[in-house]
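Two complexes come next, and they have one chain in common, chain A, joined by chain B in the first and chain C in the second.
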Partner chain A sequence: MTLFLVALGLCAAAAVAGATFPRGSRVVVSSVLGSLGCLIAFSVALRILLTGDTVTFHTAQVLPMTGVSLTLDPLGAWFVLASSFVGVATCLYNVGYARGAMASRSALSLFMVFVLSLLVVPSASSIMTLMFAWELMALSSLLLILTDQARHPDARSAALWYGVMTQLGAASILLGLLVMTSNGSGQNFADLSAHSSTLSPVTRSFAFVLVLLGFASKAGAVPLHVWLPKAHPEAPSPVSALMSSSMVAMGIYGIIRVGEGLLHGGTVWWWIAVALLGVVSAFYGALHATTSTDLKRLLAYSTIDIIGLVLIGVGAAGALADSGQPVISRLAMSAALLLVVAHAAFKGALFLAAGAVERATATRNLDLLGGLIHTMPVTALVVALSAGAIMAVPTLSGFSSEWLLLQGLLHGFSVVSTPTVIVMLLGVIALALTGGLTAVAFVKAFGIGFLGQSRSSGAAQAHEVSKFMTLAMGWLVIPSVVIGVMPGLFVPLLDRAASSALGTSTVSPFTRGAGLEVAQLSGAIQPAAILIGLVAVMVIVWALNQALAQRRARRVDAWGCGRDWQTPRMQYTATSFAEPLQRVFADVLRPQSDVEVTHVAESRYYEQSLVYENRVADILEARGYRPIIAVALRVGQFARRLQNGSIHRYLAFGFVALLVILVVVG
Partner chain B sequence: MNSTYIATLELAAGAVLLSAIMTLWRRNVRSIVAMLSVQGMALAAVAIVLALHEHEHALLITGCLVFLVKGLVVPHLLRRVSLLDPRSRESRPLVNVPASLVFAAALIVLSYVVGTRITSLSPSSATHLAPLGLATVLVGYFMLVTRRRAVSKIVGLILVDNGIALVTFLLTSGVPLIVELGSSLDVLLVVVVLQFLMVSMRRHSDTDRLTEMKALHD
Partner chain C sequence: MTGTISIYAVVATLLQVVMVALGAPLLVGIMAKVKARAEGRVGAPINQPLRDLRKLLTKERLHARHASVVLVIAPMLIMASTVVAVAISPLVSTHPLLGSSADILVIVYLLLTGSAAAALAGLDPGTAFGGMGSSRAMTIGALAEPAFLVAVIALSIQSGSSNLPSIMVSTLAHPQWVLGPSRLLALGALLIVVIAETGRIPVDNPSTHLELTMIHEAMILEYAGPELALVTLGETMRLGLLFSLLANLFLPWGIATHSSTLSLVAGVVSLALKTVLIALGVALIEVRSAKLRLFRLPELLAGGFVLSVLAVVTGLVTR
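Up next is the complex of A and B:
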């Protein structure tokens, strides 16, 4: 535990260094301290996962009255593992990236506070510590969105949305946790867990629903997601990477910790609700990702998609545990946890790459990019591998985790209760459908953004970003490849985290090996073998091609369809690529297109210019949130009538109130 | 000795309230300020009489300070402010003078009704007078609400402050010196700020009637 405290201390020191050091050295000093702290936290988490120990720490200092309580068990360590790994990368990245507003004292120190809070949230073991770290995380990220508001005016409204949603969420979590203390069990998680069985079932359900609402909104589950596609893209890229990979994971962590850890699983319908949230989120997120043309917005929607899959896993695990299927339940929980870590790595890498693209081309609109593979080869490789992972291409991390999830869901059909089976079925459908949609989205992101010809001068003049930034991106690709090729390495750690999450000690569903083998359920894959097979096939095809093809190669433009010449305007754009899908799902997406034709003066048959505009608004925002906001504004307008600028009236309010109080009391 | 003490205390405390009502009655800003000066001195007298009777040196110092700040310095500054405007009359208050006086009478009755419950907690010759302080607070607040000129409003604010001070003197023989010092300096500061504000307001809109400031709201 001492080592973990040292890690937290280093992050705090990095925050102080960022706030105090002079301009020339503060970025480097705070980033070095921060990445050191994250590395140490990573090693501590790894050791806990290897040994299965639980370490605790309590001090009466720091927070008045209650003090700080920290506990790292395998479940918390699993999430610390994810956020510290991404933390290292973002700190490194910041060395190359921080410039202008992001290199200011406030931004640097807030950034390190954000990293610190992401390490404290999964290790907090009392309500006060958790809520304090939670608010620290919310507020620091909120302010970080506003860092560069001078250049990104949209950041203001994004921050407003985020601020309102996160504060409502935090209030809901706090209320839920307080409801749990209504039996006088105190505020430590150990006491809460020991006494939660004395709560009445209604109270427990009430507490869980409140807590679920708060954590699900942080995780970005539909319909509480509206802030996410606004806030994640507007933040500076290292912050987006942390928000989208680690902060959403904290929402998942909270659901597991409270639902399974403190309330011991509760009833089946809780988890069916969680899984249904997941199904809706996965589908909605994937669909919007396919139609987004803003690179970072696309990534943000795909976060909603993956979080949906994770929620399906968590929900399935909870429902199966409550239906007396502990082994399959543990399998589903393992799948969800593995997906959290895999997602943290590849989504972190993708956001950092998006930041690199934005830095190099001054835009993140896919319709203005193209051809970046020639000018930014390293970034292109990072995006290719990470996009492969998110599309669940075999031998990359997304495949391993989604395969596990599928195993859990398919074996879950053996449960007798109908609602659970229906949810499992919906989960399988969502997994299949979103798999296809995600593939479309990322083929689009990579194909339009990095292949073909450049569509703007910014993209044509791009150049590879600095060494620190490419190094950071490369660091985040490692897990995608390693988990993909040798998932067996992680199975012992994963198994420990999953059993700690469910709080049961059943037989492990896995057998040890290089691949994934689900012993009791007779399912296995060997990604290493798949990789060898794939490489062999490629070599054979290449050799056959060399042997049989005619010698003289003919060089033409890529995607040129055999034409001798082509202009960038002839290529697919991000909008046109997604257009067929947009038509298919028009009922859900409600796209709006405008075609504006200007004719030449002489004839209506010849046009001078043609402007096509296509917008896909978030339908849930327009139909669900806007009416609520309109009502709130109307109430606000009414309240403003009291305020007419007359100082006499304001004073009279106070005087009358005083007289009324005197009369009532006297 | 004791009857002299009670009579002086009653006289001084009564003077505080009476001067408050006089400020409502007078329209000329300069005579309003003069009333305020009288009130400050009467308040100081209350503190000093109490201090002599109970042999409290801290209260004696407080009394002298009150005499200096509220009896002399603040009225002097306000007089200088009012000299900036030769036509310094509270021309049309929101509630006219006779009505104001009737209202003040009602406020005094109210404060006696409410105040007797406080004084019955520890009845003594000093605490019996506490409703006078409460009435001064209410009259001051009433002035703050109904008068249009900035100077009159400030006078209302100082009346409130004096009323609170009177209540604390009578109920608890004064608050600690540092608190009293703090609140007196506050009032002084408000008056100094007002002086600057008045000058710039007059340059801006040629009036110090706050009704004209309505256009400034957001």
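Up next is the complex of A and C:
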């Protein structure tokens, strides 16, 4: 535990260094301290997962009245593993990235506070510590979104959405946790867990629903997701990377910790609700990712998609545990947890790469990019591998986790209860549907953004970003490859985290080996062998191709229908690439297209200019949230009439209120 | 399904790869011949696709001016993903090398990897046609992939495993499953998927070169010479794989289940017979139907998806 405290201390020191050091050195000093802290936290988490120990720490000195309680068990350590790994990369990235507003004292120090809070949330073991770290995480990230508001005017509205949603969520979580203490169990997680069985079932369900609302909104589950595709893209890229890979994972962590850890699983319908949230999120996120043209918005929607799959896994695990299937439940939980870590790495890498693209081209609109593979080869490779992982290309990390999830769901079919089986079926359908849609989204992101010819002068003049940034992106590609090729390496750690999450000690569902092998359930994959096969075939094909070729390939103009005049504007754009799918799913997406034709004065048969606009708004925001906001504003306007600035009226209000209280109490 | 490598597993794997690599172009040739005869033409000899491939191998390599390394890697990736899928799938024998990894998800995502590589290669030269082909191919792929996955999952319910050899072995042990309602629904779904994934009429017309209607041809327009041969061979082998899987998942009889030379021979012969029958059937569908408009395709593919979901539901209800 001491070592973990050292890690937290280093992150705090990094925050202080960021706020105090002079301009020339503060980025480097705070980044070095921060990445060192994250590396130590990583090693601590790894050791806990290897040994299965649980370490605790309590001090009354830091927070008044309650003190700070920290506990790292394998479940918490699994999430610390993810946050700290991404934390190292973002600190490193910041050395090359931070300039202007991001290199200011406030931004650097807030960034380190954000990293610190992401390490404390999964290790907090009392309500006060958790909520303190939670708010630290929310507020620091909120302020970080506003860092560069001078250049990103949309950041203000994004921050407002985020601020309201996260504070409502935090209130809901706090209320839920307080409801759990209504039996006088105190605020430590150990006591809460020991006494939660004395709560009435209704109280427990009420508490779970409140907590679920808060955590699900942080995780970005549809329909509580509206802030996410606004806030994640507007933040500076290292912050986006942390938000999208680690902060959403904290929502998942909260659901598991409270639902499974403190409330011991509750009843089946809780988990059915979680899985249904997941099904809706996965489909909605994947669909919007295919039609987004803003690179970072696309990534944000794909986060909603993957979080949906994680929620399906968590929900399936809970439902299976309550249906008397502990082994399959542990399998589903392992799938969800592996996907969390795999997602943290590849989504972190993709957001950092998006930041590199934005830095190099001054835009993140895919319709203005193109041809970046020639000028930014390293970034292109990072995006290709990470996109491959998210598309679940076999032998990359997304595939291993989705395969585990499918195994959990398929074997969940053996449960007798109908609602659970229906949820499993919906989970399988969501997994199948999102697979194809994710492929479209990321073929588009890579194919339009990095291949072809550049569609703007910014993209044409791009050049590769600094060594620190490419190094940080490369660091985040490692897990995508290693988890994909050798998932067996992670099975012991994963299994420990999953069993700690479910609080059960059943037999492990896994057989140990290099690949993934599920004991008793006749399911196995050997990604390493598949990779050897793929590489062997590619080498043979390459060798044959070389042997057959008489000379080097000749460069010729692309075929242009007989005319040798082709401009980059004739290429497909991200919008046109996704147009067929947008048309297929028009009922869900409700796209709005406008064509505006201006004719020349002389004749209506000739056009002077043509403006085509295509917008895909978030339908849930427009139909669900806007009316609520309108009502809230109207109530606010009405309440304003009470406040006319007259001191006499305010005194009268006070007097009447006092009278009412006296009457009611008396 | 242990990890020990037997000589028969190696032979079966090699047989499968060679058979699909040489046999799939013949299947395409047979389909072209049947169509020609049905339309009153003589048609090219059935080994024409193989001759085309040989001719392409001797041609010069040409690369579009703005293309990147992706144009060179994509054919290799298409070939690699298809060959590995062919090698590990139970086509001739239920015990090929790595048969234990021949999971539904592995095969589906290997094929999806090949499609994604082809789509990226279409976008690489930065032309209008390439983008159009890629966009359409990915749209169709995105709608066909779920139906494929869910239809095979419907088959896995009865056998309790998503491993393809296990599905076939348990079907051999329970012949009464073949005519169950769930199987028939899944068969309908898979047939639609196979037609969509192999780009046959009514989804795509493999012999068209009219720019605005073509899908796959538009995507690979910039390929020439040996690289075009690789892409075409990869696509043809994918057709061979899908036909073989369709045959073996529903009527696995004839596939070699144990290690003897005789059963391997029987596996080869039965696979050839079954795939030729499927090719004849698909060719007849092609003769009898017109190509659908692009924006009518989602209805067909959604129909396939609904069939596959119904197959799973029926499978769960009747198990």
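Here is the rule we go by: the second predicted complex is superposed on the first by the 619 of 666 C-alpha atoms of A that agree within 3 Å, B and C clash if a C-alpha of one lies under 4 Å from a C-alpha of the other, contacts with A are read in each partner's own complex, and residues count from 1 in each chain.
Throughout what follows, a contact is a pair of C-beta atoms (placed from the backbone, for glycine too) under 8 Å apart; a residue touches a chain by one contact, two chains touch by 3 or more.
In this text, all values refer to a predicted model and were calculated from it rather than measured experimentally.
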| item | value |
| --- | --- |
| Chain B versus chain C as contact partner of A:61, first or second or both or neither | neither |
| Touching partner for A:440 - first (chain B), second (chain C), both, neither | second |
| Which of chain B and chain C A:645 touches, first, second, both or neither | first |
| Superposed model, chain A: greater residue contact from chain B or chain C | C |
| Chain B versus chain C as contact partner of A:608, first or second or both or neither | neither |
| First, second, both or neither for A:655, with chain B first and chain C second | first |
| Which superposed partner A:665 touches (first chain B, second chain C, both, neither) | first |
| First (chain B), second (chain C), both or neither touched by A:637 | neither |
| Chain A positions touched by chain B in one structure and by chain C in the second | none |
| Contacting residues of chain C [partner chain A, same complex] | 1, 57-58, 60-70, 72, 75-77, 79-81, 83-84, 87-88, 98, 100-101, 103-106, 108-110, 112-113, 115-116, 119-120, 122-132, 134-136, 138-139, 141-147, 149-150, 153, 156-157, 160-163, 166, 211, 221-222, 226-227, 230, 294-295, 298, 309, 312-313, 316 |
| Residues on chain A engaged by chain B in the complex (per definition of touch) | 643-648, 651-652, 654-655, 658-659, 662-663, 665-666 |
| Of all residues in chain A, those that touch chain C in their complex | 290, 370-371, 373-374, 388, 391-394, 399, 402-403, 406-407, 410, 413-414, 421, 425, 428-429, 431-433, 435-437, 439-440, 442-444, 446-448, 451-453, 515, 521-526, 529-530, 533-535, 537-538, 541-542, 544-545, 548-561, 566, 568, 570-572, 576-581, 583-584 |
| Residue numbers on chain B that touch chain A, as the complex places them | 94, 110-111, 113-114, 117, 138, 141-142, 144-146, 148, 210-211, 213-218 |
